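Note that the chains are named A, B and C in the order they appear, and that numbering of residues resets to 1 at the start of each chain.
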């Protein structure tokens, strides 16, 4: 059993070599940070966010920052709204009937839910990896190429984009000889890395991950955690996980959510505490956080 | 059942019950065999039907099948053929599919992907379900009044075009219902993945959802086709010729806008004529249409099995 | 923050956006077309049916029979014939269709099911004209004539049997769906209490599937009433029909009367009301089948609540 009071060590794989991204591909993302940017600037600033499904308040009063080039983890018991919250960052909740958001999420200075903002472009810039790997019923190549093609990548660039994305997702060597074969022929862990490659192929600056390892075996999980460490040099990662040890291993900051039963017996999620992962796990400020982390509460 | 209190009593009671039951399941056996009888009746009937038709039509099928299939209607029973009916049926099927499939699939896409539970969508759905239960001859009335008369300038009156439009209206509900099923069967994860990389709703639908559901949609289309091929009542009202028609010098395209007939209508006509020879023609033509319809349906079933799991 | 974006940068290319908006309208229009079909049907039959209803005299509707070209439009003739034929059809179709459905859903091995189900689907696609031919070339001459000496060549009984055969696959498939929808836990609970299969089926599964089975019967009946070609060929009497209640006699139904009127539209000589009566019958048929379908849905909904 992992002692969560141990300091987090060795998250970033020193041996990983970053693959340089060519100018015209990078041009698709105007504010891609290749120069000296302070890594602690906020990508997202959330203020008093509330999420409703119809009349039901699923999440209340959330305020926090997501910082650039960091891994932020959302932890908490099931039903506490962490996935709901995650989906606010790429406006995936828009797809659900009756879902609405109050409060503000600021994305690089823009109100994400401003009615002039096109959610389609938001989703290109804020990518997502889902709990169960969900590759398209197409070839490996077409899985990766789908997004860039829509975003306007030229035919000639696609081969490069596919290769770079697969390299970045640490999958290239395993599939380079069978790019045209079906994505369903890959193992679970490979499929999830494919999904990661697919997400980064459109040059996002944020990648959201909704319990990406919960359907995978420990070895595949380990590879993905390693990958997350490697990806932070270029992307900002937000990960929802029900596995505390995972949060302790991979993240820089952690936000702990819990569920509150209100007068009518409805469960509303709320943010209890957010801070540097090390601090949260060794010296949490709130007793509820401590109770969850030490296993007193589920 | 006796109330049991000791293990020994349980064992004795259970054994006694089992012995009693072993002998007494006559009711069960009778029931089961009745069911088998019903099932056999329902399914073997197809074979009986084919057999009777082949026997009755033997004189035509064995002797002059080639002539029968390639010649037009003739007043004399042993000279008549169903060629014009076959041609008409194919032309009508073409018009029907060209109209019903795009409109039907598009409606299904609207209902599944775009509707958002609106009142209009619920109206559309209810309406389609009701239309599916409307008798085919009522569609014939629609065809007569609207496609033959009101739209005469476009359809040229009693033509294959009017007939095809009529049958398109009739099979439209079938296409919508099967396409809706096909689209609903596409897992939500696929849509989420596509939206997740920044695709518009149109792109998600056209490049992911519809291709994923295409095989089932195709099967539904083929079933609609089979249904259209077998209908006579609406075509009769729309003016399908039940007897002699002449195409004159019309080329293939022009026959779309001239008098027409269809295979089931010819069968109807043969059946109405008195005498053994016409009865044989009716039976032979029935065999022809049965073979066609069974092949088309068989193809649909084959398609469905083949595409159980793609990729 | 050192990187800021403007709202203009969070936009999709105009071409993609235009295509997406256009697509929405295209799909909406297609859905509107289906509503248009309904409206056209209603408009078509309503206006002509109304003309007929307002011009026809009451004693024309209660005459000795259906003789449209002589101005006699006795509705009861047609209604009774339609009802009789459909009733015979139900007597043929329900036992067989339901029996097959129970067998396939409860008893049959997967191997058997895999063959039987497609066979039933093939049966469902048999064109109705063929069944009409079957009626006059086999059912009446080779079957019924052996039992009943007085039977007319064109008779309602043969038509009813043929329509029943036509409807069997429909009843079988809807019933089977209803039976398979019954959760297995009910069957297991029953067997667990020591009931034999026949008991479980009859006393647990069938009642649980009742709403679906009734829907099957109603849909089947509706289909039977709307059937045209079989009755036109086998029962005769489409042109003219004297009121009679004997199954051994010929008799025109609502649908065969419509078919005859439709065949004669080239020569609408005699009574002009005759042509309009075609639409009146159409309206009647439409209302009857619509009513049956709505009742069927209502029963399904009400019974479903109980469970």
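Here is the rule we use: contacts are C-beta pairs under 8 Å (C-beta built on N, C-alpha and C of every residue); 3 or more make two chains touch, one makes a residue touch a chain.
Remember, it's a predicted structure, so these values are computed and weren't measured experimentally.
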item: Label of the chain whose CA centroid is most distant from the centroid of subunit A; value: C
item: Distance-to-centre winner among chains (Cα means, whole assembly as reference); value: B
item: Pair joined by the larger number of C-beta contacts - B-C, A-B; value: B-C
item: Inter-chain centre distance, subunit A versus subunit C - centres from mean C-alpha coordinates, in Å; value: 54
item: Subunit B and subunit C: spacing of chain centres that average the CA atoms, whole Å; value: 14
item: Computed distance of Cα centres, subunit B from subunit A, in Å; value: 49
item: Residues of subunit C engaged with two or more neighbouring chains; value: 12, 16-17
item: Shared-contact residues (touching 2 or more other chains) in subunit B; value: 200, 203
item: Sequence positions of subunit A contacting 2 or more other chains; value: 120-122, 125, 150
item: Complex interface listing, subunit B residues touching subunit A; value: 116-117, 189-200, 203, 207-208, 211-212, 310-311
item: Interfacial residue positions of subunit C with respect to subunit A in the complex; value: 1-7, 9-13, 16-17
item: Contacting residues of subunit B [partner subunit C, same complex]; value: 1, 17, 21, 25, 27-28, 31-32, 34-39, 41-43, 45-46, 49, 52-53, 56, 102-104, 106-107, 109-111, 113-115, 120-121, 123-124, 127-131, 133-142, 144-146, 169, 172-173, 176, 200-203, 205-206, 223, 226-227, 229-233, 236-237, 239, 242, 264, 267-268, 271-272, 279, 282-283, 286, 289-290, 293-294, 296-298, 301
item: Residue numbers on subunit C that touch subunit B, as the complex places them; value: 12, 16-17, 19-20, 23-24, 26-31, 33-35, 37-38, 40-41, 44-45, 48, 95-100, 102-104, 107-108, 116, 118-123, 125-134, 136-138, 165, 168-169, 172, 194, 196-198, 201-202, 219, 222-223, 225-229, 232-233, 255, 258-259, 262-263, 265, 278-279, 282, 285-286, 289-290, 292-293
item: Residues of subunit A touching subunit B in the complex; value: 90, 92, 95, 97, 120-125, 127-128, 130, 132, 134-138, 146-147, 150-151, 182-184, 195, 198-199, 201-202
